[in-house]
Amino acid sequence: MVDEVADDMAEETNTPDVQEESLFEAPPMGEQERMVEAILFASAEPVTVKELNARMPHGADAAEALVHLRKRYEGRGVRVVKVGDAYAIRTAPDLGFLMQKEQVETRKLSRAAIETLAIIAYHQPVTRAEIEEIRGVSVSRGTVDQLLDMEWIRFGRRKMTPGRPVTFVVTQQFLDQFGLESARDLPGLKELRAAGLLDNRLPPGTLPTSPEDEDLAEETNEGQSELFED
Amino acid sequence: MVDEVADDMAEETNTPDVQEESLFEAPPMGEQERMVEAILFASAEPVTVKELNARMPHGADAAEALVHLRKRYEGRGVRVVKVGDAYAIRTAPDLGFLMQKEQVETRKLSRAAIETLAIIAYHQPVTRAEIEEIRGVSVSRGTVDQLLDMEWIRFGRRKMTPGRPVTFVVTQQFLDQFGLESARDLPGLKELRAAGLLDNRLPPGTLPTSPEDEDLAEETNEGQSELFED
Amino acid sequence: MTDDFIEQAKREAVADRLAAEALIIDVDGFEGPLDLLLTLSRTQKVDLRKISILQLARQYLAFVEKAKELRIELAADYLVMAAWLAFLKSRLLLPPDPEEEGPSGEELAAHLAFQLERLQAMRNAAAQLMARDRLGRDFFARGIPEDVTKTKIVTYTATLLDLMQGYARLKTKDEFRPFVMDRDSVYTLEEALDRMRNLIGFAGTWTDILSYLPEGWEADPKRRRSATAATFAASLQLAKEGKVHLRQDGTFGRIELRQKENDHG
């Protein structure tokens, strides 16, 4: 008797799954492409694949639809761009001359701010001390605050070095602003790496190599490689 | 209005030679289409043909470019629509449902629903009349519907009694939700009591039992056995 | 040859001085000593990798000298750099002392060259970055973003306790409650031990342990049970400590206690 009830339930467990599959079949890829198109067009901000999938019907594959959509917009007046792990539609850069009306007056960044931004982008994750070492001058609070305020940089993970200093990394807004798919696409990055100019080389003698320093170097490399693996 | 514009454009298409004669050669129509596309996309307001022409290079024909663009977007996720005498890109109406973000809010189940669910769990398969008898009040349709909707209960076999009423049983989802392997794992009243989960009274036997207690104990057994008998 | 060398050194010195003078006017515009060094290095018109650090050190020191002459106060970090460069200069000019520890002049110079090259590279990178097509300047986002309406999906939850509580409520008149120890009605072993240690002095003869129950705990069955259990456990503890003897006539019989000193009495 008891078993019967249990069997009954077990049976039930199997049936709804089967039904679910057939009931909620994913829409055809053409439809999915339209959906991604509509969502991306509607948003001024980049939309992640995860969010696309969440908003599209069950079983849809936003990533695949995106591949088709990107292709469709190749050479058009607007195009699908990748921004970090998100996607957005942006006008083709060669048509910028038509958009005087839309151009927004961007805050003029100081030379210090621009340099600091570049150092963060190319060396991320990077500590304030490392930025100062590269620039040979202390980083004013205002410079970092401005970049944080513009949401072009944010705090990254703390370094596993004594004092566990905070690090800075660039944001999705930064990538969007400069039309970069990822921090790996920064101009000249490969060359800078090859030339060893992104190494965290410590001044000779001042900091004799201790195991701690090796950790630091390793950590830095980790950060760099992480940047490229992403 | 739209047709008028289209006619207008058709006329324009037939007289390209006139324009080519002008000093500045107009960009190819494909380029003009790109331009209209970018302007409509980036503009914060719908754009009139006049304004499009004003913003595009000399000799360009925005109206014709619009015809091509509208055609291109037919059946797509977004489309070119006419708003007054201006044009804008808008989401295809059938995809409006995508412009929603879901926010999940968790609420506690009502007392009526919990009680109904408990009765079904302890007495399954159970008819609506039986539920009402145990609860002492009529069971609202909404309560049962809610539980069915949540897929915590489902219809079981019909009872072999006059009228062959439908019965309710709990589902696998229900068991998963409450971390039960089967409905039999639900503790009986005796066990609840023994575990100190029912107020004050002690399991019968240890202390002089009141008649009321005995009644209850019997009832509990009945309830449990009912569960197992089916 | 020698004359030529001297002549050239003179000419260089003059050039340095002129350069320094020009730079001092602009001193506020420098972002620290490294920036100044980078600017000075441009007068060498060579690849930064082939730069003469010695010459650069001379230029920098000349600059600082000139600033002193013109009574321009330089920030401390410029002077620290000057001192360091003077030290570096001497290291580079003197033959290496095998006794001396630490990095050689060449190593220090190489690092400075690296720093300059790295700073220049970052400046170039920054310029490249800023020259890119920019959002809102060269390419644009959607001008009329559509509002995404946020729909609330309400999900209902209940716990197993809720369920059992609901069922218990229906099937009994009891109120179901999560299990909480009722402290008011619990007489602890410690309390019982305390009480009995004080009282056993008077227990010269066999006494029912139930007579040790605290006052006010006999009436309520629940309190009585707790006090009985605690008193029993305390009696066992006292027996274990060798303070009392216990006896019981038979199963379910009375348990009696007597102080040990009176054993032989």
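For reference, chains read A, B and C in written order, and residue numbers begin at 1 within each chain.
The rule we apply is simple: contacts are C-beta pairs under 8 Å (C-beta built on N, C-alpha and C of every residue); 3 or more make two chains touch, one makes a residue touch a chain.
Molecules present, by chain and UniProt name: A, B = Segregation and condensation protein B; C = Segregation and condensation protein A.
Because the structure is predicted, anything quoted here is derived from the model rather than measured.
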Nearest-to-centre chain - CA centroid comparison
A
Where centres are the averaged C-alpha coordinates, which chain has the largest centre distance to chain C?
B
Distance between the centres, which are taken as Cα means, of chain B and chain A, whole angstrom
30
Mind checking the centre-to-centre distance between chain A and chain C? Centres are C-alpha means, answer in whole Å.
26
Separation of mean Cα positions, chain C and chain B [Å, integer]:
43
Expected list for chain A, residues touching two or more other chains, is 41-42, 89, 91-92, 99, 102
What parts of chain C, by residue number, touch at least two of the other chains?
140-143, 146, 148
Complex contacts: residues of chain B adjacent to chain A
33-39, 41-44, 55-56, 75-78, 89, 91-92, 95, 98-102, 124, 151, 154, 156, 169, 171-172, 175, 182-184, 228-230
Contact set on chain A toward chain C in their complex
41-45, 88-93, 96, 99, 102-104, 106, 111-112, 114-115, 117-119, 121-122, 134-138, 176-180, 186-188, 192, 195, 197, 201, 203-205
For a test of understanding, state which residues of chain C touch chain A in their complex under the given definition.
31-35, 37, 77, 102-103, 107-108, 110-111, 114-115, 117-119, 121-126, 128-130, 132-143, 145-146, 148
Where on chain C is chain B touching in the complex?
140-144, 146-160, 162-179, 221-222
